[in-house]
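Have a look at this one.
When the chains are written out, they are named A, B and C in that same order, and each has its own residue count from 1.
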Amino acid sequence: MTVINEKINLHSKGYTDIINITEEVAEIVAKHKVENAQVLVYVPGSTASITTIEYEPGLLKDLPEAFDKFAPMSHSYHHDETWHDGNGYAHVRASMIGNSESFPVINKELYLGTWQQIVLIDFDNKPRTRSVIVQIVY
Amino acid sequence: MTVINEKINLHSKGYTDIINITEEVAEIVAKHKVENAQVLVYVPGSTASITTIEYEPGLLKDLPEAFDKFAPMSHSYHHDETWHDGNGYAHVRASMIGNSESFPVINKELYLGTWQQIVLIDFDNKPRTRSVIVQIVY
Amino acid sequence: MTVINEKINLHSKGYTDIINITEEVAEIVAKHKVENAQVLVYVPGSTASITTIEYEPGLLKDLPEAFDKFAPMSHSYHHDETWHDGNGYAHVRASMIGNSESFPVINKELYLGTWQQIVLIDFDNKPRTRSVIVQIVY
């Protein structure tokens, strides 16, 4: 079996910044010419997540608004009693959404819906540098 | 290593329709006689999700009610300004729950709890045809 | 290819008990001396989840409080009409968070952020014995 590890390095603005990384993931898959495989897209850390979304301007507002209901930025968090860094909301959101998504590659194609993009969401309350791991197993 | 890709084709009623696909997944695993493996159950698209639940009538009402708190159908979404298709709630819910779940196969058995079923949830606001990918790696 | 299945057995207090299992997972990875691999951490059942969090006392209060907004313990659930066991909230939370997380192993290291721990969350409304599966594929 083969395990391939690649990295996508990027900058985020934080504050639930949603970054489309579909093309970068697809290029890594294409580069390795795998026929059938599984791709894990994973971001380390406790204030960022990987998910998919139709990447269009409306949903880029809707999704943060929905998160703000579940874990409002304005709310006071016990986490801030520990670190005073004001990002308790970011941790709660990231734990809920999770750090990774897995995708099948079938006949060389990353198997996504027509209106489905892979995104990194950076919930932290400051700009960050992030490394996304793209791990292909086959 | 071996990568097996199979498809389950099904029709959903949409509107957070929750469809039990446990038997179909278990049959695919049994058919390939794998001893120890990992199974990815994945639905492409941006308005449907895969998760697990105890598939009984009470929870089939509770789960949609909980989603309606997080992303109410009655709410107005920016997504509708883009497409006017009224399914903004469906996108938000699908991004939150995710498109896949992974399961271990141990000694030929799909390793689930006694009261745990694998389900497709179709959040879209119309009936849909869906293809669920069952990918076995071992 | 190789598929390794290991188990972590533990006791939880239930009621959204959050248990740090990072060291146990890391020890299993170290024991098998894998270079590059993928690790699935999975809990069977319909009232428990696997996710990651910065394991510090503040967030151990914040996360349950956030869950109590989405699926309050005090709320009345249809699930209880079926079983009268009072844990409808636990099922809803577990379906939302999911039963597993996958992690890359790169150069023998379980690839986590500095402040990121792997946790089992037991939502059930009583103490439970749980078996977490750690499946390594490479």
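Following the convention adopted for this analysis, a residue touches a chain if its C-beta (ideal position, glycine included) is under 8 Å from a C-beta of that chain, and two chains touch if they have at least 3 such contacts.
Since the model is a prediction, treat every value here as computed from it, not as a measurement.
*Asks:* Can you report the angle of the rotation that maps chain A onto chain B, using C-alpha atoms only, to the nearest 5 degrees?
*Replies:* 120
*Asks:* Have a look at where chain A meets chain C and say same if over half of the interface residue numbers show up on both copies, different if under half do.
*Replies:* Because under half of the interface numbers appear in both copies, chain C and chain A meet with different residues.
*Asks:* Quick one: chain A and chain C, Cα centre-to-centre, how many Å?
*Replies:* It comes to 20 Å between the two C-alpha centres.
*Asks:* If you look at chain C, which of its residues touch at least two other chains?
*Replies:* Counting only residues that touch two or more other chains, chain C contributes 1, 70, 96, 98, 102, 137.
*Asks:* Please give the residue numbers of chain B that touch chain C in the complex, ascending.
*Replies:* Interface residues on chain B, with respect to chain C: 1-2, 36-38, 51-54, 56-59, 61-63, 66, 69-70, 96-98, 101-104, 106, 111-113, 115-116, 137-138.
*Asks:* Taking the complex as given, what residues does chain C use to touch chain B?
*Replies:* 1, 3, 5, 40, 42, 44-46, 70-71, 77-83, 88, 91-92, 94-96, 98-100, 102, 133, 135, 137
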